[in-house]
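Working notes, beginning with the structure itself.
In order of appearance the chains are A, B, C, D, E and F, and numbering begins at 1 in each one.
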Amino acid sequence: MPYVNIRITREGASPEQKAELIGGVTELLQRVLGKNPATTVVTIDEVDTDNWGIGGLPVLDYRAAQAASGPKR
Amino acid sequence: MPYVNIRITREGASPEQKAELIGGVTELLQRVLGKNPATTVVTIDEVDTDNWGIGGLPVLDYRAAQAASGPKR
Amino acid sequence: MPYVNIRITREGASPEQKAELIGGVTELLQRVLGKNPATTVVTIDEVDTDNWGIGGLPVLDYRAAQAASGPKR
Amino acid sequence: MPYVNIRITREGASPEQKAELIGGVTELLQRVLGKNPATTVVTIDEVDTDNWGIGGLPVLDYRAAQAASGPKR
Amino acid sequence: MPYVNIRITREGASPEQKAELIGGVTELLQRVLGKNPATTVVTIDEVDTDNWGIGGLPVLDYRAAQAASGPKR
Amino acid sequence: MPYVNIRITREGASPEQKAELIGGVTELLQRVLGKNPATTVVTIDEVDTDNWGIGGLPVLDYRAAQAASGPKR
């Protein structure tokens, strides 16, 4: 009866992709730990990009800074 | 000063129902553990049904599968 | 199929008290929103007092400050 | 590589204010614990006021009750 | 840069199994959504069985009740 | 009345450092958003290194791989 929370930026994940995440995580927990799929709960939180920070910056600013810093990565 | 997070599918809970959850959980923590209601915080997250999985499926697909599997339960 | 997370300071809640919280929250969600108890998951996190802050202070310091500030409350 | 989740009521925090929270928390973790800003993730959840409870009441009711209870605080 | 939190009961998951969960979830997010593994964070919370409830009961009581209720499931 | 959850690897943060995090985050929320420190709650979760993944690996393996990959960064 695991509970899994997946948090991603809100950038257009489709219902099909979300279903694939739900199925994939549930299968993983069954395969690795023998957890019962029937009682495995998965929630997906889509977080606005303004509300997601990495490297001390909102994520869109972070990506812009990464892109501006050169061709590497 | 407990913190309680209640996660439910977004399916039309009314402000009155949410107020009842907030009051009920706060009262429960006071009664069972003597926690001070003044500093008990409760948050309710309403999660889109596409983003809630159980049994390896998005919840609406899960319910449809349960309904289709016969009269039992 | 709600998911509820209750966070309290680690200060000796007994297994019986935890069971009462689990039963009480589950019953509340059934009564207020008609949620199925069979798929309601409740987790309780007991957090060390060093790791819990309120009013800008670790909770034990906060309580000491409250106690020292006079008889009121 | 810390992960920080900030939950506030949804009451009009601006993108600039959110960016300041993200930068401030990341800087704090670097200063106090030497955590690498590059892998520090911060998410901000803005919760509807109906979904936030304190003192056993939805927050707007709580504030109204506080305001009505006298001039002090 | 997703963040994933996996919550399971504390029942002896090995470091190897946890590593497999971490690798598996990270790979899943890359495959389904194209998320960069380098910034995908996964945390696993192992929750004491006394602190995990399902069906209104602590999980060990729940399992005992399920086992006692007959051979079906 | 914000709620902040800080998750870090369990690697010996002292009570003084935790108090500094609690005070610092509370002050930040007051300064940026005018939040009342009296009702700001901060919790710190220290997660075992086996239970923290980044880049698809448990964090100690990740650091070893980073260190082995050369002097850069």
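As a working rule, a contact is a pair of C-beta atoms (placed from the backbone, for glycine too) under 8 Å apart; a residue touches a chain by one contact, two chains touch by 3 or more.
This is a predicted model, so every value here is computed, not measured.
Novice: When every step has to jump to a touching chain, what is the lowest number of steps that links chain A to chain F?
Specialist: 2
Novice: Which chain lies the greatest distance away from chain E when centres are computed from Cα atoms alone?
Specialist: Chain D.
Novice: Through what angle, to the nearest 5 degrees, does chain A rotate to match chain E on its C-alpha atoms?
Specialist: Angle of rotation between the two copies: 180 degrees.
Novice: Interface check for copies chain D and chain F. Shared numbers divided by all numbers used: above half gives same, below half gives different; which is it?
Specialist: same
Novice: Starting from the Cα centroid of chain B, hunt down the chain whose centroid lies farthest away.
Specialist: When every chain centre is compared against chain B, the largest gap points to F.
Novice: Just give me the whole-number Å value for how far the CA centre of chain C lies from that of chain D.
Specialist: 19
Novice: Rounded to the nearest whole Å, what is the centre-to-centre distance of chain D and chain E, using the mean of the C-alpha atoms as each centre?
Specialist: Centre-to-centre distance between chain D and chain E: 28 Å.
Novice: Of all the residues in chain D, which ones touch at least 2 other chains?
Specialist: 1, 3, 7, 21, 25, 39, 41, 43, 52, 54, in rising order.
Novice: Can you tell me, using the touch rule above, whether these chains form a line, ring, star, complete graph or other shape?
Specialist: It is other, because the touches fit no line, ring, star or complete pattern.
Novice: Which chains touch which?
Specialist: Applying the touch criterion to every chain pair yields A-B, A-C, A-D, A-E, B-C, B-D, B-F, C-E, C-F, D-E, D-F, E-F.
Novice: Within their complex, state which residues of chain E touch chain C.
Specialist: Those in contact with chain C are residues 7, 45, 47, 50-58, 61.
Novice: Could you pull out which chain A residues touch chain C in their complex?
Specialist: Residues 1, 3, 39, 41, 43.
Novice: Contact residues on chain C for chain B in the complex?
Specialist: So the residues of chain C touching chain B come out as 1-9, 13, 17, 20-21, 24-25, 28-29, 32-33, 35, 39, 52, 54, 59.
Novice: Using the touch rule from the top, collect the residues of chain A that touch chain B in their complex.
Specialist: 15, 18-19, 21-23, 25-27, 37-46
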